[in-house]
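Input: structures, listed below.
Two complexes follow with chain A in common, the first pairing it with chain B and the second with chain C.
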Partner chain A sequence: MRALIDSIGADRIRQYLPLATLVILVIAVGVAQPAFLEPATLLQLAADTAVLFILATGVTFVIMLGGIDLSLQSMASLASVIVALTITRLGYGAFVLAVAVGAIVGLLAGLAHVRLRIPSFIATLAMGGVLFSAALVISHEQSITLGEAERGYQTWITGSVAGVPSVVIVGLIVLVVAHILQSRTAFGRYSAAIGAGEPAAYASGVKVDRQKVIAYALSASFAALAGVILAGRLSSGSPTLAAELLLPSIAAVVVGGTAITGGVGSIWRTLVGALIISVVRIGMTFLGVNIFAQNIVFGAVLIIAVAITIDRSKIPIVK
Partner chain B sequence: MSPAAATPALSLAGIEKRFPGVHALKDVSIDIMPGEVVGLIGENGAGKSTLMKILSGVYQPDGGEIRLGGQPTRFMNAADANLQGIGMVFQEQSLLTNLSVGENIYLGTEAAFTRFGMIDWKALNAAASRQLEKVEVDVDPRARTADLDFATRQMVELAKTLTLEDQAAGHLVILLDEPTSVLERAEIEILFSRVRALKSRASFIFVSHRLDEVLELSDRIYVMKDGAVVADLPAADANVTQLHQLMVGRSLQAEYYREGLQKPFQDEVVVEAEALSLGHDYRDVSFSLHAGEILGIAGVIGSGREELTRTLAGFAPHDRGKLRIGGKEVRFRTPAEAVDNGMGYIPRERRVEGLVLFLSVAANITLGNLRSLTRNGLIDNREERRLATRWVDRLNVKTPSIDALCLNLSGGNQQKVVLAKWLNAKAKVLILDHPTRGLDVGAKEEVYELVRAVTAEGVAVVLTSDTLEETIGLSHTVLVMRDGAITHRADARPGGKPTQVELIEHMV
Partner chain C sequence: MTPSADAESPRASASPKSAMHRFRLASWAPVIVLVLLCAVIAVINPNFLSFGNFVRIAQAAMIPLVLGLGATFIILMGSIDLSVEGILTLSAVILSLLVLNGANGNDLGLLAIPLVLLVGAGVGFINGAVHVKLKVPSFMTTLGTWFIGVGVANALLGGTAVRINDKLVRALAISRDPLVGLPWGVWIAIFCFFVALVIQNYTRLGRYIYALGGGEDLAGLSGIRASRVRIMAFTLAGVFYAVGGILAAAQLGLGNSQIGLGRLFTTITAVVVGGTSLAGGSGSVQQTLVGVLVVVVLSNGMVLMGIPPSVQIGVQGLMIIAAVALSMDRKLVRIVK
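For the complex of A and B:
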C-alpha cells in the first residue's frame, strides 16, 4: 500500500514538476536580471515563445497517440518560403495556401504511416527530407525577403493590440483551440486511448487509422502556421528558417510533462514546456552561451526530461 | 512414500510476507517431498502468486525459513533460485518465438558451448535434443519456436527447465504456474503424462484455477485463503466441491452457472451465418443466433472456433459465405465496423484488448460509444460521469471512483468495466472470448449472473470458454467444431444439458 501511495505521490510530483521548474527559472533569471520581470520583457518573452509553442502544440497531438513527427521544422520552413513567394500575388491567400499545404503534407505522412504501416519516425523523417528539398528548389536555395509593399498583410503577426503583441494573441487562440480539441472532443479522447492502449482502443471500435491521420494533418498544419508566423516576424522566407526548431519543439512537449510514449499529456503542459525552453534560452543569452551551442543544452534537457517523465517501472524495455 | 520418513526436497516453514497495508503471507508452511506433485490452489489474492515469487527469488520473505534438502537457504534472485534447482514454467510462455528451440533451451547459458566467443551450435543442438528427449517431444532443435504449436512450446519450456538438472546441485523443484491455461484437453493429457514421467527427476508445484486438473495431477493439495494455508489434504481424498468450499470459505452455490435464470431465447434472429468460411481456419459454418440466446462454441485449438470468434468481432473478415446482422448482410473489415453493427467484443486478453489500463474507469466505459456523448463536437462531461456512475453502480464495480485508472482494478472488476462498455454502447451481440479466464470463483459467479441478466434483456451472446463445463452450463445451444467445421449441435436448455462426454466425441 505504501508503494501505491508513493507511486501516486511520485505521479503528483511529476505532474507539477514542470510548472515548479518554470517558476523557479523565471525567479532565477529575474534575480540575476531584474529587468526580466518587467511586463514589457515578459510580453516579449511570450511573443518569442509563440512560434515554438505552436510547433510543439502540433506535435503534441501526434505524441499523445504514441507517434512522432520529425518533419515539423522542414514543414515550417517550406511554409515560410511559400508565403514569401506568393504573398505579392495572393495577399492573405498566401497564408491560407501555406497552411493548406501543411494539412495535405500531414495527411500524406499520416497515410504513409497507417496505410503502408511505416513507423511514424521513418514516415515523417522521409517527409521532412522531401519538404526540405522542395523548399530549396522553389526558393532557388535562397532566403527571400518580403517586400515593403507586403508588410501590410503581416500586421496580424507583427502588430500589437492594446500593447499586447498580436503574435501573443494568435498564440492564445491556438492554445484555446488546441486545448479544446485535445481535452473535450472525441478526437482528443481517442488519441489518449490510442496512446495508452492501442489494441484496446482498436477492439473498442475506435477508428485508429483515421485518428492518426488527423493527428499528423494537425501537426503539419500547425507547423505550417508556425512557419507563416516566423516568416512574418523575420520578414523573410527561407528553406532553413526553422531548421533549428525540431529539437526545442519536441523538448518543449516532453519537458511540459507529456509522455513521449503517448497517452498522458495536455496542451497546457506543452505551453509550460515551451515557456521553460524560452526562459532557458534567455537565461543562456544572459550567461553568454554561444547561440549555436544552445541545442547542446536542449538535447541534454530532452534526455533528462524523458528520463524523469517515463515511469520505468511500467515500461521495462524501451526500443 | 512415507512423508514422515523422508526429508522434504523443499520446505517452507512459517513464511511471512508483508507489503505496506497488506499481510500477504501469514505463517505459511509447505513441504514438497522428492518426486511429489503438490497442488496449490486459492482464489485470486489468496497469496499464491506472492508465494511463487518468493520461491523463484523475486521476493524475499520477511520471516520464516526456506529449506532445500533439509538445509536452510535463501534465494537472492531468480538466477540464484535456478542455480539451486528451482525451475519455473510460466502461464505466459517465456520462450522467444524468433529463436530456434535449441537457442531457447540454452538461452543465457550458452557459455557452456562457447569456445573463443563462438558458439558450438552442433554441441548445443545435440544437448538440446537430449533435453527434448526427456520430455519425449520430437522436435528439431533448429526449428523456429514460432512454428510450434502452444502445447509443444510448453513442452520445450519444460525441457528448458530440466537443463537445471545439469547445473543445480540438489533435487529439482519445478513450479508450474497455470501451465494449462492455454492448452486444450488433449494437450493437457500429454503435459500431465510427461510430468508424471518426470517425477523421478523432479518435484512439482502445480498452481491452477482448474480444480479438476489439480485433483488429477497432484499427490497432495495445499489450499490457501487470505494469505494462509487453510488445508493440506491428499488429492485422493478430495473432490472439487470440497476444494471450492475451502477456497471461498463458503459452500459453492448449487446453481453455479445460474441455470435457473436461463430464460428461453426469443424468436428474433440477430446473427445469421450461412456457409461462412475463412481460408483454412473454418468453413461452411452456419448458425442462427437469437435475441437472448447464448451460443457456446466448443472445440480444441485448431478447430476454428477462435478464428470464427475473431471474424464476428471484426478482426478477421470472412472470405466466403454470408453473415447477416439483423437481416443486413455484413462483412467486418475492422472492429469499428463490427461495433457499428452492434457487436461488442469481450476479449480474452482483457488487459490488452479489453481495457485501456491507463485511462479512467469512466473513459473506458464510454469508449465504445463516445459519439452519443458528443454535442456540437464536444464531449458532454457531465453526461459521461452520470453514465459511468450508473454502470458502476449497476454492475457493482468495486473502484475507488470512476476516475481511478483501470490498471488498479482487480480482474473481476476490470471485466465488469469491459462489460459496462458494451452495455453502454447498447451492443446487441456480445462476443465472450474466454470471459472468465484468470478470474477467481467469486468473480466468475458475478460474471455469470451479469451474462444471465443481459440475455434476459434480449442481448445475444457468442461464447467460447476455457472449460466445457462453463460452455455447457451457460449456453442455450452448443456448437461443436472440429478442423474448421461444425460437427455437432446440441440443445442445452436447463434440465436437458448435454454431457461433456457427448461433446468431446465430436471435438476430437
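For the complex of A and C:
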C-alpha cells in the first residue's frame, strides 16, 4: 500500500483525493437513487450546503494559519437570536448588526489568543461558552419564531432568482469574496506563510499577530452570516440553532484537504469538502441512518481526514 | 491543600528567582480565590454555611471532580481531551440499558458497573491509540470521539430516553450514608480522588505523565516509551469519565443523549482554574480538586444570589480565559497556536 502511494506521489493523491471522493459519492448516491441527479435536487443540495459552506469558509482562514475556531456554532446561534430579536425594529439593519457583532467577537477572541497567548482552541472554546450564555440570556432561553411580517426581509435568503435559490447565489458571492481574500490579497498570502512556518514569516517582517486577529474576525463574521441565513431558512432564532454544526464545519475543511497544521489549503477545497459532507448526509438519510447517529460517521471521517492531510514534519511531538 | 512537588519541571528552572515566585503565587492563588469566594458568599447569604448547602455543594461537585481527575492526567501531558461528554454520555446510556430499565429486559444490577467502566476504558484506549499511532493531535482525535460517543449513544437510544428502575443503582447518587449524611456518590468521588492521587504520586505511570508534559523529547531520551504512556493515560481518563457517566445516570434516573451537555466546559474550567498548565508538566489532581470547588462554589453562590444558571456558562468561559492567561509562562512560549 505504502509503495503504491509512493509511486503515484502522496502529494498528488492528497490534492485530488477530495474531488475524486466527491465525484464517486455523487455517482454512488445517483445510482442508488436516480432522482438525486435531477437539476432540481442538485440545486436543493447546493442550497442545503450553503450554511455549512459559509461556516467552513470562515474557519478555513483560521485553519490556514494553523489555529482553530471552536466557537463558530455558538456565534452562528447568537447571530440567529440577534436577527430574531431586532428584525422588527431594524429591518435589514438586523443582519448588519449580527455580522458586526460577529466581527467584534472574532476580534476579541483573536486578541485574547495573540495578546494573552492563550492557545486558540481554548480561547475559542471559552469564547463559545460566553456567546452561548449571551444567546441564552437575551433570548430568555427560548426559541424565537419569526412572524409573517418579518419574513419579507428574508427573501434574499428564502426566495429564488430565475429558478436558482437565492441562498445558492449568496453562497457563490461568499465563495468569490473569500477566494479573493485568500488568494489575491496580502492577508491571504501572509496567512499561508504563517501557517507554513510561523518563525520564518515572523522573521521576514510579517505582522503575525495582526494577520491572526483578522483571521479570527473573519471566521466569526462568516459564522454570524451563516447564523443569519440559518435563521432565515428556519424562520427562527435560538441559542442552540447551530449547535450541531461545529463538527461538520471543521470536517468539511479538513475533508477538503486543508491541513490543520496550516499553510496548505484553499477556499475551493473547503467547497469540495462541504459538498462531500452534504452528499454523505443525504446518502445516510437515504440509507435510513438516524440524524444524530450521523455524527458517528462525521467523527470518524474527521479523524481519518486529519490523519491523511496533516503535515507531520511540522509537529515533531504530537500532543 | 499542599502545593505539590512538581515545581521542578524543566521550564520552571529557566530563571530561578522569578520562576520560584511565580510558582508560589500560581499554586496558592486558586486556594486564596476559593477562600475569598466562600467568605464573600457567606457574608451576602449566611445560608451558604448551612449543612444542607454543604451537602448540595458536595453533590454538585462529585461529577465535575471525577471528570476533572481524568482530564488532569491528559492536560498534564500537554494534550487535551474533548471527548469528556462523548464518553460520559455513552457510559450513562449503556448503564441505563444494562440495569433494570424501562426499555428492555436486562437486569444486571451493580454488575453493569464494571462493564461500563470497561466501555470507558475502551473508548479512552481508542483515543490514545488513534492519537499515537496515526499521529493525530489529541484535540482533533477527541473532537472526533466526542461526537462518535454521543452518536453511538443516540443510535442505542433510538432518539428516546431510558428510565432506570434499579433502586440500588439510583441509590448510588441519592441515598446518604448514615454517619455524615453525604450521598454515596460523594464518597465514590472522594474514593476516585484518592485513587488518582495514588496514581499521580506513587506509580510509574504518574511520574511518566509528568515527564512527558515537562518535555517529551527528554522523556523519550531517558527511555520512557511515550506512546505507551499516552495510550495508558487516555485509557485511565476514559475510566474516570465512565464513573462520571454512572454517577450522572444514577443522579438523573435516566439515560439520555443530553446528559453530558456542558460538562466538558465545566471540566476544563475546573482543571485550568485549579492552576494546571495547558502546556503540560505542572499541576496536580489536588489542584483540580480546588478548581472544581471554585467552579461549584461560584455557581452555588450565583444561585443563592438569584443569578440565572444561563449566565454561569459565560462566567466559566471568562474564568477559562483569565486562568489560562494568568498561568501561561509567556516568556518561554514563542509560538502559540
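The rule is short, and it goes like this: the second predicted complex is superposed on the first by the 305 of 319 C-alpha atoms of A that agree within 3 Å, B and C clash if a C-alpha of one lies under 4 Å from a C-alpha of the other, contacts with A are read in each partner's own complex, and residues count from 1 in each chain.
The rule is simple: a residue touches a chain if its C-beta (ideal position, glycine included) is under 8 Å from a C-beta of that chain, and two chains touch if they have at least 3 such contacts.
The structure presented is a predicted model; accordingly, all values stated were derived computationally and were not measured.
Asks: When the two structures are laid over each other on chain A, which of chain B and chain C touches more residues of chain A?
Replies: The partner making contact with more of chain A's residues is C.
Asks: Given the touch rule stated above, what does A:R184 touch, chain B (first), chain C (second), both, or neither?
Replies: First partner only, chain B.
Asks: After the superposition on A, what does A:G159 contact: first (chain B), second (chain C), both or neither?
Replies: neither
Asks: One more residue to check, A:V264. First (chain B), second (chain C), both or neither?
Replies: After superposing on A, A:V264 lies in contact with chain B but is clear of chain C.
Asks: On the A-aligned overlay, A:L247 touches which partner chain: chain B = first, chain C = second, or both, or neither?
Replies: second
Asks: Please work out whether A:A192 is in contact with chain B alone, chain C alone, both, or neither, and reply first, second, both or neither.
Replies: A:A192: touches chain B, not chain C.
Asks: Counting only touches as set out at the top, which of chain B and chain C does A:A203 meet: first, second, both, neither?
Replies: Only chain B; A:A203 stays clear of chain C.
Asks: In the superposed view, which residues of chain A touch chain B and also chain C?
Replies: 199
Asks: For the complex, give me every residue of chain A touching chain C.
Replies: 66-68, 112-114, 116-123, 125-130, 132-134, 136-137, 141, 198-199, 247, 250, 260, 262, 290, 292-300, 302-303, 306-307, 310, 312, 315-319
Asks: Give every residue of chain C touching chain A within the complex, in rising order.
Replies: It is residues 77-80, 130-132, 134-141, 143-148, 150-152, 154-155, 158-159, 216-217, 257, 265, 268, 272, 278, 280, 308, 310-318, 320-321, 324-325, 328, 330, 333-337 of chain C that touch chain A.
Asks: For chain B, which residues are in contact with chain A within the complex?
Replies: Going by the criterion above, the answer is residues 19-22, 313, 315, 334-336, 338-340, 345, 347, 349, 352-359, 363, 367-368, 370-371, 374, 377-379, 381, 408, 421, 425.
Asks: Under the definition above, what is the set of chain A residues touching chain B in their complex?
Replies: Counting only chain A, the residues touching chain B are 1-5, 180, 184-186, 189-190, 192-193, 196-197, 199-207, 263-264.
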